[in-house]
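Labels for the chains are A, B, C and D, by order of writing; each one numbers its residues from 1.
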Amino acid sequence: MKKYIVEFIGTFFLVLAVCMAGSKAGDMAPVAIGATLMVMIFAGGHVSGGHYNPAVTLAVFIRGKCNATDLIFYWVAQIVGGVIAGLLAANYFNYFAVATSPEVPIKALVAELIGTFALAYVVLNVATATKNAGNSFYGLAIGFTVTAMAYTLGPVSMGAFNPAVAIGAGAFGLFAWGTIWVYLVGCLLGGALAGVVYKFVIKPDEA
Amino acid sequence: MKKYIVEFIGTFFLVLAVCMAGSKAGDMAPVAIGATLMVMIFAGGHVSGGHYNPAVTLAVFIRGKCNATDLIFYWVAQIVGGVIAGLLAANYFNYFAVATSPEVPIKALVAELIGTFALAYVVLNVATATKNAGNSFYGLAIGFTVTAMAYTLGPVSMGAFNPAVAIGAGAFGLFAWGTIWVYLVGCLLGGALAGVVYKFVIKPDEA
Amino acid sequence: MKKYIVEFIGTFFLVLAVCMAGSKAGDMAPVAIGATLMVMIFAGGHVSGGHYNPAVTLAVFIRGKCNATDLIFYWVAQIVGGVIAGLLAANYFNYFAVATSPEVPIKALVAELIGTFALAYVVLNVATATKNAGNSFYGLAIGFTVTAMAYTLGPVSMGAFNPAVAIGAGAFGLFAWGTIWVYLVGCLLGGALAGVVYKFVIKPDEA
Amino acid sequence: MKKYIVEFIGTFFLVLAVCMAGSKAGDMAPVAIGATLMVMIFAGGHVSGGHYNPAVTLAVFIRGKCNATDLIFYWVAQIVGGVIAGLLAANYFNYFAVATSPEVPIKALVAELIGTFALAYVVLNVATATKNAGNSFYGLAIGFTVTAMAYTLGPVSMGAFNPAVAIGAGAFGLFAWGTIWVYLVGCLLGGALAGVVYKFVIKPDEA
């Protein structure tokens, strides 16, 4: 049970940062968002693994380090945490966003796929590879992948790389509901691809 | 005794950064302030635990890793360090601030509660959980929680997340004394909530 | 084989960040690029060493920790990864760059030599010295060397410090092909110099 | 001998960043400079301790972890490295600076004393305390102390916190020679104070 609470708390703060720092931190927003993810991973990693992202949970599931029950409950906890954060930012703190769709949906989908692949690829390597057991850099590596990819691909797709972020930012009013499918499909494909690449190419010798 | 000196030194530098970098570092101020907290935690953690924040000390007290005597003396050392830094910034370095109150006090209180909860939740997990013993990331995680939350919630409450920061910035002249209660109540409630959540939900099995 | 795939993936993302964040992230571009390198090193270091840079591979070869076969295949994987990223940024994501040559080629060559020396010097010390075995900082140190040198020497040479970055940014359209030799010569000399300094001065006692 | 070469290399790059990034990196200059110090400490720490700063070497000497011969040769290597970097930036890369004196010399001296105290205090705790042996954060902590103090105290004193930086930036043409004494006195006093506080208050029980 406490795994799900930790996933809820971490995703809540991640989406709160996306909505609020994303609205008002300007050029520093990717640093604020990546730092939020980093600190929540360092805080919660020892309990839940610190995913805070359905696409990451899918990648870890494919890689074989998460069972089907946890997959479902992690997804629920992540999405609920993200939606509550989005609603809080919009309706209590009165942050305002204009609902935005990507200019070219298919290119945004490819950008989300590429960025989420990077994120899940980093997660699998730094947090599940035997050779990296006990390291102190996993949160820094994962959090700053989001920072790096947000600067790199954000102008194309707005840079979610995370279905719970897309849905939470939809509840906030920033991501238009009509193109949310771009993020769900792109992010889950990117996570799944990372899981497959890790399992069959990079580390076929690790269970 | 040296624990209290370390808490005094760390809080002095943290509040100096809040007052001086907060006045002149513009968009980079949250980075400067979070970095100051990070380096003081890495420097002093092995002596005092590196709290530099009465709400964090309260959370650690509730979690059972700090006794009542230390709670009081830590608070005194933290507040004295913060006030001296605020007075030095204003009266010796002649930095100037217009005393400011949050627009909507109750929303600022909620923002401070949420941000301080994040901070104390990260502290308890990265610095007191058995599974994380001996890690090299605790200062990075805690310092950048303040950076992240300052970008996220700063526009609502000015982002203290720390009663000693609020009082020190009051002595500096930035936080209006009339609404200092917002910070004292919000931060201590946030720290206490983190202590309760950690003790009874996340890690009930750790003493 | 999987070493080459990891070098391909890492260099792909590094050059994608150079082309896309380099075009649109303004003053934060060096942070985005250095962070990309950092996360790819943390992710792939345990498989390939995480070079993503022909000049670094040359330095590691001179230092004696990489054989001639790997030198060649690493170079191929890095350059192919960089070129594909550059073409993707230009032709699929439609990022646009004006082909640019350094103002004074010989000074750019010296700047690239100095910056690449710093980078390879850091790599050899943090990732191959016996005394630093098992550390958790290697990716942070190497990635942020690029960030630091891009701010320091970027105005002189545009800051590649990496032949695969220069060629990939050439394919993207940013680096003029007529002066690519500046980067190939400067970066490889810088890497070689670091290899020699490490092998004969700093650590002659380590094989 | 190689200890002195490492001190020369590290201080060369630190002062190069101060002169060149300090001239053109705007608000990000403190990040560029702190990152340069961080990476050079991670690279050279295992050989020389990674001081790159006469005031830090003085603090380590007072604390009893550096002998008188090394104190002198470290100072020479650091100052020579800094001066060569300053001359290279000015005369080869043609960066230009207007020689500047602090507005109120005594306040700049106090600011340098405070900032250098913070820096040397962090160094002694993270790099020489027995309880912190084997950590992976020392470079991050020390490098970002300079970043943090540059944002905090830079507007008062221009933020050297290092006599070799002051002299190197004097050779570059940025720091007016007539007020270099401010930095020499302020920084050495700050380093000495940190050495005394560490030796007699914080850790009197460690040799």
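Structure notes:
Everything that follows uses one rule, which is that a contact is a pair of C-beta atoms (placed from the backbone, for glycine too) under 8 Å apart; a residue touches a chain by one contact, two chains touch by 3 or more.
If you're wondering where the values come from, they're calculated on a predicted model, not measured in any experiment.
Residues touching across the chain A-chain C interface largely differ between the two copies, under half of the numbers being common to both. Put simply, chain C has to spin 90° for its C-alpha atoms to lie on chain D, with the angle rounded to a multiple of 5. Note on chain placement: the centre of chain A and the centre of chain C lie 28 Å apart, centres being C-alpha means. One finds 39 Å separating the Cα centroids of chain A and chain D. Contacts with at least two other chains are made by residues 27-28, 31, 136-137, 140 of chain D.
Against chain C, the residues of chain A that register as touching in their complex are 27-28, 30-31, 34, 107, 110-111, 114, 118, 121-122, 125-126, 129, 131-132, 135-138, 140-142, 144-145, 147-149, 151-153, 155-156, 201-202. On chain C, the positions that touch chain A within their shared complex are 2, 5-6, 9, 13, 16-17, 20-21, 24-29, 31-33, 35-36, 38-40, 42-44, 46-47, 92-93, 136-137, 139-140.
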